Structure formats: C-alpha cells, structure tokens
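These notes concern the structure reproduced below.
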Amino acid sequence: MSARILYIASNTFREAVRDRVLYNLIAFALLLSGAAIFVGQISIEIERLVVVNLGLTAVSLFGIVIAIFIGIGLVSKEIEKRTLYTVLSRPVRRWEFIVGKFFGLAGTLVVNTFFMAIGVFAALLYVAHKFSKPDAFILVALYFIVLEFLIICSLALLFSSFSTPLLSAVFAFSLFVIGSFADDLRAFAALAPGVARWFATAAAYLVPNFSSLNVISAVAHQQPVGLQLILQNTLYALFYTAMALSGAVLIFERRNLK
Amino acid sequence: MTLVTAGGVTAPFSLLIIILGHTSSPLLDTMAAIEILGLEKTYMVGFWRKRPKRALLPLHLSVEEGEIFGFLGPNGAGKTTTLKMLMGLVFPTAGSARILGQEWTNPEVKARIGFLPEQPYFYDYLTARELLDYYGQLSGVPAKDRKRRIEEVLDQVGLTDSKGIQLRKFSKGMLQRAGIAQAILHNPKLIFFDEPMSGLDPLGRREVRDLIEQLKLQGKTVFFSTHILSDAEALCDRVAIIHKGELRGTGAIEELTSSVQGKVEVVWQGPQIPASMKALSAECHVSGETVRAVIAESQQDAAIDALRRERRRLISVTPLRTSLEQYFVEKLQHSETTAGTIA
Amino acid sequence: MTPRRTSIVAAACLVVSLTASILLLHDIDAIRPRATTEDVLYISSPKILKRASLGFGGLMACIYWTRAVQYFGHRHFLHSHTYHQLAPLLEITAALDPHLIPAYEFGASFLAPAPPDGAGEPVRAVELMKYGIQHNPDNWRLYYDLGFVYYTELKDYKRAGAVFDLGSRVPNAHPFLKILAAQMAEHASEYTTARMLWTATYESTGESYIRKNALEHLRAIRVDEDVTNLEAAVARFEQANGRVPANLWELAAAEHLTGFAVDPDGEPYDLTFDGRIQVASPDNFPFITKGLPPGYKPGRPKFHTPG
C-alpha cells in the first residue's frame, strides 16, 4: 500500500520536473540577485530588510502559484485525458491515488523551496556580509511557508477532484487571498451583528489561516518566533491538510469517471 | 456422480460415462473467468429536471477461462459502460460481477487482470520503458522481474526500438501497442480490450489479431469489445451481441454461423441465364459479366450439368453459411420491432 | 478496504481534522502577539500602502479601519495608557479611502482625548479632521468633529467657533452648529456648552460606541455639576454655622430643599467628615473630574469600545 503511494508521488514529481516547473528557480534567482545588487548602495539595515522581505515573499508567491497551477490539474487532467483508466485498472486504491498525488506535489514544492532558501541566504550573505543569530528565524519563516504550501496543495487537490481547472484555480486563489486576511476576517466577525456574525465567524474559522503562518515581516525585523507558535502552526497545518485531503478522497471515491 | 451409486452392474458403464462426461464438458472443471450478474447502469441526464437514461439494462453474462470472448455491438450500445463498470471506473446502479472468482470491487483482483481502454492516452512525458516501469510498480511486479518483463513485453509488441522515445512522439499504432504492452506486462490471467483495432491500419490490425491469438495460446482469457464483426469472426470463440444497452444474443461463433441453409451459390460467366437455371432457382443476380444464383444443395449437380450443357463457364460453387453479419443485423432488427418500450 | 469503508474513514478523518484545526486556531490566536498588527507597523507610510494596494484601496481601507477599532478596543479593555498605533492606523485608513467618514468620527472621539480614554494626540486628530474636511467639504459632521476637538481638548474657543461657523454654512447642516458658533463667541458656562456638545454628538452619530461614550460624558457632566453645587452649598453652610454639616439632610434643610441630591444612578452622594462631596461608586462614572475619593485609582472600565 505505502509503496504504491510512493510510486505515484515520485511519478507526480517527475511530471512536474518534466513540465519544466523547476525553471522558475531561474526567474527567482534573477529577481533576488538583481534586488541584492541594486539595493547595495543603501545602508545595511534597509538592504537586509529588502532582501529578506523580497526573498521570502517571492518564495511564498512563486510557490503558491506553482501549487495552484499544478494542483488544479492533478486529478481533473487525468480524468480528462483518461490516463486514469489504466492506473485504476491496477490494484491502486482511489485514496492512494489522491494521497500519492499530494505527496508528489508537496515534494516538488519542498525541493523548490530548498533551492530558493539557498538563494535567499546567499543574497543575505552578499548584502550583510555575515549572518547574525536572529537570521536563524528565516528558517522558521521558510518552514511556515512550506506549511502554507501543504495547505494550498491539499486545497487545490480537493477542488481538482470535482471541479474544472479554471474554477479550481479561482477557488484556490480566492482562499489564499482570504486566508491571508484571516485575522481581519475574524475581527470583522466580532464586530458584525446578528446572523451575519455567525456566518462571518464560521467563514473565519473555515478559511485557511495564512495570516498566522506569515512571519515574514517579523523575521525581516529580526524578531523571534516562539516555539509554541511553531508547534501550534505545525499541528494546524497538518490537520487542515488532512481535512482537505479527506474531502478529496470522499469525493473521488464515489465519482463516476466519464 | 449419482451414476456411481447405481449399482455394481452399471458401474463400468457409469465409469465410461463419467470419463466421457469429463472430456466432453470442459465446463465441469474450469471456473468462469467473468460472471456478470445483472449489472445495470442508469444515468440521470439533463440540466434542470434530470431524466433517467438507461445505458445498460440488467446484464447477465459469463465468460469461460481460456476463451476469447467478443462483446459486439454498434457504437453507443453499452459496451464501454460495461467495461468501465467491471474496471471499477463507474459504479453500477444495480447488480454485481465476479472476476476470476472474486468480487469485482476487490482491488486484489486487479493484479491479475489487464485493461486496454479505447483510444488510450498515456503520460506523454514518459518513455515507453518508463511507462511500463511505472505500471509495473503499481501492479506489484517485483523489482527484480520488472526489467526483464518490460523487455519481453516490448519485444512482444514490437516496440523494442522505440522504448527510449517519449510517448508524445508515438504514432497511433505505436500507442496502441504500448497499450497492449501495459495490459499484459504483469502477466494477467484475464485481459480486457476495448475496441483494440480502432484506428489501426490493416497491418496494425493484423498484428493485434496475432497478439490476441498468442495470448490465447498462453492460456489467458481475452474479453474484447468491438463493432467490427470480421475481427470477431476471425478471433472469438464466443460472442455476445448488445444493442441499446440490452443483450440480444450470445453463443459460440460456430453455432451462430453454422446454420448452413442447405443452399449453395453458383457463379458462372454470363450474362445469359439458361432457362434450366431459371427453373432451378429464383434468385439470379447479374453483375457485369458474371451471374450469381442461389440454389438448393440437392440441385447442385443438376445445376452444374445444366451449365455444361449450355456451355457456360462455371466460375465457382460455394456452400452458403450465415455470416456473423447477417446474424447481427437480424438480431438488431428483431429487437427494433420488439423493443419500443426501452427508454 | 472497500470503497464504502474508505468513505467512512475519510469522513471521520475530515470531521476530526476540522474540529482540531478550529480548536488549534483558537489557541494560535491567543498565543500570537497582537504586536504583529499593532506595535510594529512595518509599513506606516500611507503613500506606500496606497500604491501597494494596487487599486484595492477601498478594501484595504476597510481592513485598516477594522484593525484600528480592534486595536483601540482591545487596549482600552486592558486599560492601557498608550495607543501609539491608533494615529497611524487612522491616517492610513483615511489615506486609502478619504471618504470613510466613520474613521474621522472615531479620531475625534478617541484620538484626541488624553489616555486612558484616548490616544492623547489632539494635534494629529486635528490634522486628520482637516484632511477629512478637505476631501469631504459637504459633510457638516466633520466640521462639528473638528470644532469639538478644538473646544474639548485644545481649549481653543476662537478656532472652534470659526469651524462651527464654517460648518453651519454647509447645506443641510444641523441647526445646532449655528448655536454652537454663537456659544463659542459668548464663552458660556463650561458645563452648559459641554452638555450641548455631548448631546449633539449623542444625537447625531450612528455609531453605538460613540453614543455610549457621549452618554458617559453627559453623566459625568451631571455629576461634576452636582458636586460643584453641593460643595458650594457646604461652603455656604460652613460660613453660616462655623462647621461642616453632619449629613446631607442637615444640608438640605439649610438650603430649604425637600429632598437631597442623588447621582445619575440614583445613589445618594457621600458627605465626608471634612466637608467634601463624593460619589458612592466612582467606577460607574469614568469621566468625572470631581467627587472622586482621594487617592482613587480607576479599576477596569465597565464599558469599552466597540459595542
């Protein structure tokens, strides 16, 4: 059972690579080095700020885009192209297929992020000439970004299991934007009167909470990130991902394939 | 078995009967490879008010091990629906099936069957070898056997030279062969083909036909659906005919086409039709320089004599058999008239 | 596992994960330093933010407005004495959407007053009002808000009068603006003017928390007035009788009154042994300046914005 999931995951990874996904790293490298060089004239404080902010934001945005664009087609493309027929006619359980696809995409993003992280630290070293202790928290910020990716991948997969690629992209992207303002949504819910309050509160808790996973600004200002927050965020991301994947499995299990 | 206890006198006879029974009815010791027990599928179609559309009426069918079984019908008859249900791609509205003795929903069964879908499409970013390796992994072929088996199968379908080329560059015939390769890679006992010859040129079709015959020689069971009757005639042991979701008839090819009508067809060089021939037969067709006449078998010699007397050149004398096509059309027409109630 | 069993497991997993993630979110909210939005505003330049909003300034304004309200309410509840981020948050809100009127009202009521009831930045509040008037010249309420700040916090009666006068010329302006302009010119008694201002605020606003605020101020004015009058009566008694009245009954008798004063909650005032007047429960009157017991430290406010 687990072997099949691994095979599906590695095939998904291979597909992404052959789709030339990893070429985005070139664009990223260009962006970051350009920024590092141009900002080189100003004082060290701002340089550092720009590199960390820009670098981490780029890691996040590039990754989200990749996660959505590949994720939305993971299932729907296979159904559309009927490549799924010869897979499901083998002893592969439908849920193994979903889980395998998820790990393949998540794995692609982790690898991508790994290379980007090297780039960010390289740029940081270039402008600041040395690392200081608080820079370790950049790793925490990167880790949180990876957690964001897990959530987005699982959501994209969920939508892919029942919706067309276009709609899935719209839904996933909307959830990303709303999730980034999850804090404000909850604040708004607290202010809303009557029935609207219940709807707003429910929405505020259902939407993925990307605002707590975004510590880019704090880390850029060399603020520490607490251990408890790291723990809770990890658990939250795992549970949310599990929820979305369970949904995807539920939908896919009963789906008649055309 | 009851014969054995009939008594000592009948014992030797009964033994004989038992032995004969064994050899003449192979059904006793082989299990059905496929047993379809009332599978049916009704779709709800429409945007606002959904109406039921019966794609498949309750189907009862069984396929024996070791035979090549043809599932015939025009396009849209329900062949692909049936296959998809057996593969677990579509869920039946009612009914069940047993494949190789197990419930069709049991995933373990899939390790022992192969499937080639209609107009298959594979991951085009993979090469043939990579594709087979992936499928082999998913089918549970052990790593040490995989490599060898892949080479064997590629050779069998004639893709050895193309194994390193990405599938996006394959022609239609090559894709079909790759499809067959993935269907037989894990050495399944039972293989399903959905329209395996569709879109192939005559050479390709010949190759596929040969391959299917090879599979039978290896002791495998083949179930394939097609709307091309000549293929079925050439390959199948038994066929079933399906039309508008309903089974119209099943039987062995020989039985279905063996109804020699006791007639022969005589072809001679015309265009004249001797009076004696006219007397023997009502059906004389002239086409260009030749004339065809259908006469009773008993009159065969009289006809030949008549032609010789009239100095007509005899071209051929052929006994008539119902073709599968005739049987097919007959079954369809018959059901057209009796149907009407089917939605 | 059959498809049915898988579905059941998946459904169970979904429910469990959903519950767990909601509970965790609750916890995370508690842990996270609200500092992220408040004390460390990384982009405090409204201009940059406006550009970064990519044309969605209106939406961003709403978001910042919500944050401003949350920020103030939360800190006020904790009885904080500093509200450093309130001015920037309101300024950003106004920059992103100059027509978001409630932001200006909020500024007048809570940016100008001294802590703990406000951020103690009347000058910035004035700037904010002026910005608002510039972009919404036909909104009479903004003139009122500005005059209010001049009068209450800055004690600049001349400017207050000028602003009320300007505002009264706006079409559909509330009539009391004219009266207020006149009042300023006359320097009428403080309590009367203050009462007028707060009544005007109470009646004209639609925001519930501003109303509550105004109501508390009115109650405080009443208390202050009562205490002033009572202490004047005590002084008169002392002069007449050479000692402090024993209790309020004695004082009432001396003043030829049939009853004695109670505070707006109906509690009688206290007369201390040294002739001072105090309210029975100072915690119920957040804005009073008189009638407080010596060494009184305010506890948790009984109300906090927003509603």
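For reference, chains read A, B and C in written order, and residue numbers begin at 1 within each chain.
Just so we're on the same page, a residue touches a chain if its C-beta (ideal position, glycine included) is under 8 Å from a C-beta of that chain, and two chains touch if they have at least 3 such contacts.
If you're wondering where the values come from, they're calculated on a predicted model, not measured in any experiment.
S.K.: Taking each chain's centre as the mean of its C-alpha atoms, give the chain farthest from subunit A.
M.R.: With centres defined by C-alpha atoms, farthest from subunit A sits B.
S.K.: Of the chains shown, whose Cα centre falls closest to the middle of all protein Cα atoms?
M.R.: Minimum centroid-to-centroid distance belongs to A.
S.K.: Let me have the rounded angstrom distance from the C-alpha centre of subunit A over to the C-alpha centre of subunit C, please.
M.R.: Comparing mean C-alpha positions, subunit C is 43 Å from subunit A.
S.K.: Mind checking the centre-to-centre distance between subunit A and subunit B? Centres are C-alpha means, answer in whole Å.
M.R.: 50
S.K.: Could you give the separation in Å between the centres of subunit B and subunit C, each centre being the mean of its C-alpha atoms?
M.R.: The computed centroid separation for subunit B versus subunit C comes out at 87 Å.
S.K.: Quick check: what residues of subunit A touch more than one other chain, meaning two or more?
M.R.: If we look for residues of subunit A contacting two or more partner chains, we find 93, 254.
S.K.: Counting only residues that touch at least two other chains, what does the list for subunit B look like?
M.R.: In subunit B, no residue touches two or more other chains.
S.K.: Could you check subunit C for residues that touch two or more other chains and list them?
M.R.: Those would be 3.
S.K.: Subunit C touches which residues of subunit A in the complex?
M.R.: It is residues 93-95, 181, 183-184, 186-188, 190-191, 205, 209, 212, 217-218, 220-221, 223, 226, 228-229, 232-233, 235-236, 239-240, 242-243, 246-247, 249-250, 253-254 of subunit A that touch subunit C.
S.K.: Of all residues in subunit C, which touch subunit A in the complex?
M.R.: For this pair, the touching residues of subunit C are 1, 3, 6-7, 10-11, 13-14, 17-18, 20-22, 24-25, 27-29, 31-32, 36-37, 40, 42, 63, 66-67, 69-70, 306.
S.K.: Using the touch rule from the top, collect the residues of subunit A that touch subunit B in their complex.
M.R.: 3-4, 7-8, 11, 14-15, 18-19, 81-93, 254, 256-257
S.K.: Enumerate the contact residues on subunit B facing subunit A in the complex.
M.R.: Against subunit A, the touching part of subunit B is residues 84, 87-91, 107-111, 113-117, 120-123, 125-126, 134-135, 137-140, 179, 182, 192.
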